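First chain A sits with chain B, and in the next complex the same chain sits with chain C.
The block that comes next holds the complex of A and B.
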């Protein structure tokens, strides 16, 4: 009987240690793996400067599309802007800019000062559309192929390394 | 008279059972959703920009007639299962759900045999 008790205590101890070990080593931060290789969800985002909305169906004619969520009040968006300007020179990539929780005049000034890399400019002033793409902060960018599949999501400002990676993807 | 009272009660209860639609409390959902940009806070506790947006989306989904489970499923689909405080039962976490019952059964059996032996 004593041996049984010892075994049970050992099993419980081993179990508790295992749970702690697994939990402490597990990645608990938000990651984008659940979105990759999935089809782009249905969306309908209003155009920034004209009436009407851009939908998933409008993506069909494009080749690769980079959806970039940005705002004039966002510091890191300024940091990544030169990268977006460089990417705008690529022929087989359309850049879709979604202006996020911003003021129209400030957004216009931002693009006037730094340049407009976007083929399509959309607005999401309440931020609700961003949830469809799993956005939790800006800047964030999503690259999708011509089959409307999400290839990669970039959380944070696009760097020169990201630029190289995107060029490699769209090659 | 008894029949009348019975009918009044019968009507009252059937109305309360079938007449009123189940109302979803958004705050219950907010409490079960993790604020991804906060330290250990739920959407309900947080006033962050992200929490405000999620609250708006939850409101929209409720208005669209989505159930509580459908809303959790939508959020998990977009942000991963990490966003939901209460994990859903699946193959990966089945042990987490089953283990307390196994422990209860084995514990009960262990105590039972221990008591029986002492007697």
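The block that comes next holds the complex of A and C.
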């Protein structure tokens, strides 16, 4: 009996430590840097206004794609919006907006007031799809090339410097 | 230059640790009952060296020596000196050095303050502690070296996160480290006690003050962290069940259990192995917490930049600690035979320990469960406040009742003579609760129970205080801590029940009305500060009922290095309530989004925790006086 208890305790600790070890070697979605230079993960996010979903396969038609995660309730998203508007003028960049944990009416009003920079508009009202990209706070933006490789990730509002950097990338 | 100096000191420290282990081992074999002088000297040199090493790093931060990677990444020449210094331990590498300082200081103090205990026990404690020190020194030298240098030398640093530029946060890590790194000394002592079979109750005298010290500082550290979150994060809450907060709470539960069970061991020579187990798990949980935070497998506001090799090292260290502890425990474990009277102080303290273990397991599961589901099933889940609130708060009610009754119970065998008194206290608590319900506001059934049980604990403790005063047997420390814990739960409860939260978009000159209040945005100012610019709003809050006027000035700050936007809450605190106001801008419009919160009795939550710790320090002084 006592030996059984000993073995069980030992096994429990062994199990816990093994799981910790496995977790260490996993690429956590939360670790932003691990996504860079990697291929875009498979995803499927519903369109904002129409039926159907946008998937990874739809990306291939674009030269460069900037995926921007935003919401109407997010103050810094308003700060970066002018930068997105400027970027929307670029020819070889498509902007994919993912509306994150938002309300439809408020999101619409936001775009009506500030302008719509997005070539494609998607919605992720529960924030579940965005986790695939390691998004747990917004705004965040990811730039992808036509081979579906993630080139850079921008955490926080896009600044004028980021704008210049993106222009450099897509040149 | 500083890089070479730092590295040399670290290297010498390794040699000193090895010498201490070698000499202690040699000294073990002599029949003489004295520890040779050299060991004391080396131990003192060891602490001094590490402190000197830490000052070297502080100096590097003060003079902004960007040739050091750590300084380059975490400092900036424009930063105020105070935050340059605080930046020393605000990062992974520097904070590890602080770890080692505490390990060595505790090691030295334990050596000189426990001269009445067997030599073998003291020497083995010293050896184990030095193995821990060596482990961390190697970790610093080979993986997380604060003195790694950079070439060519950058002209400017990357700056410290502005949200970390806060006085509370500057003192938070040192307090917390004294708490959980301090627990290393009773981990070492417990291992030594198992090895040399030192299981007499005098063993408890060697560790109880260290348990108290670490418990007091752990509590203070948690408090300061919580105050910081309240003032700085701008959500208006003070506890978020964030995995890293939980990591600091886990050893706290174990320490609190230990603090109580050690009393039984001291008085009745019972629970030896249970005390040992608690000593072991306290430090093991501390290292587990460090692993979770530093390896980056958890994500939270606190996590340091992650690096998997770092995690592997701590995990290896952790496994060694766990398995050697388990092995030794199994080898030495003897079944203790004791028949406890169900109605005795021993039983009540055991019940306290069950509660602590229950909380510990709940929080531990909530914290690591997401890691397990992610690793084993690829399913990402997050465990948040609803889980903890649902499990912890109902149980608090029963816990508080036991906490009120327990201290009055006698050792060995008790007879309840004062059931009548308790009935009166309970009736009083219920009446007070009803008064709050009737005159202020009604609340949920669970809240009723929590308020009643908290009042019950407070009144019982205060009554104990009065009757003890009459008999002149005054256990002030315990009474203060227990009553303050009652107050803490009471204030948290009332704060939760009576909080008001409102959200508006507002422009200059506009007024918003709700309940008895009106808020007016009077003006906006733009100001320049040394390392940031700020938009400062002036808002007038009027309580139409009491005609009380308050001006609050929340800020939107734009920092330069690194470029960050932060929202500074404006908080007006008085004895009855806090007004808490944050403001954020809405681009291309004249409107600003404001979030107003009224948080009743906020300051009393902090004061209660300070009083709980005061009890701990009082006990410590009393122990010191009598020993």
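Just so we're on the same page, the second predicted complex is superposed on the first by the 140 of 171 C-alpha atoms of A that agree within 3 Å, B and C clash if a C-alpha of one lies under 4 Å from a C-alpha of the other, contacts with A are read in each partner's own complex, and residues count from 1 in each chain.
Everything that follows uses one rule, which is that a contact is a pair of C-beta atoms (placed from the backbone, for glycine too) under 8 Å apart; a residue touches a chain by one contact, two chains touch by 3 or more.
Remember, it's a predicted structure, so these values are computed and weren't measured experimentally.
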Item to check | chain B versus chain C as contact partner of A:152, first or second or both or neither | outcome: neither
Item to check | First, second, both or neither for A:79, with chain B first and chain C second | outcome: second
Next on the checklist: Taking the superposition on A as described, I'd like to know which of chain B and chain C A:20 touches: first, second, both or neither.
Outcome noted: second
Checklist entry - Who does A:44 touch here: chain B (first), chain C (second), both, or neither? => result neither
Checklist entry - Thinking of the overlay built on chain A, is A:130 touched by chain B (first), by chain C (second), by both, or by neither? => result first
Checklist entry - Where does A:108 make contact in the superposed view: on chain B (first), on chain C (second), on both, or on neither? => result neither
Checklist entry - Residues of chain A touched: more by chain B or chain C? => result C
Checklist entry - Given the touch rule stated above, what does A:10 touch, chain B (first), chain C (second), both, or neither? => result second
Next on the checklist: Just to be sure I follow: which residues of chain A are touched by chain B in one complex and then by chain C in the other one?
Outcome noted: 28, 30-31, 131, 136
Checklist outcome for this item: Residue positions on chain C within touch of chain A in the complex are 291, 295-297, 299, 306, 308, 311-312, 315, 318-319, 322-323, 326, 330, 368, 371-372, 374-376, 380, 563-565, 567, 584-589, 593
Checklist entry - Any idea which chain B residues touch chain A in the complex? => result 36-37, 49-50, 52-54, 56-57, 60, 76-80, 82-83, 110, 114, 117
Item to check | Interfacial residue positions of chain A with respect to chain C in the complex | outcome: 6, 9-10, 13, 16-17, 19-26, 28-31, 75-76, 78-79, 81-82, 113-114, 131, 136, 156-157, 159, 161
Item to check | chain B-facing residues of chain A, complex | outcome: 1, 8, 28, 30-31, 33-35, 101, 126-128, 130-134, 136-137
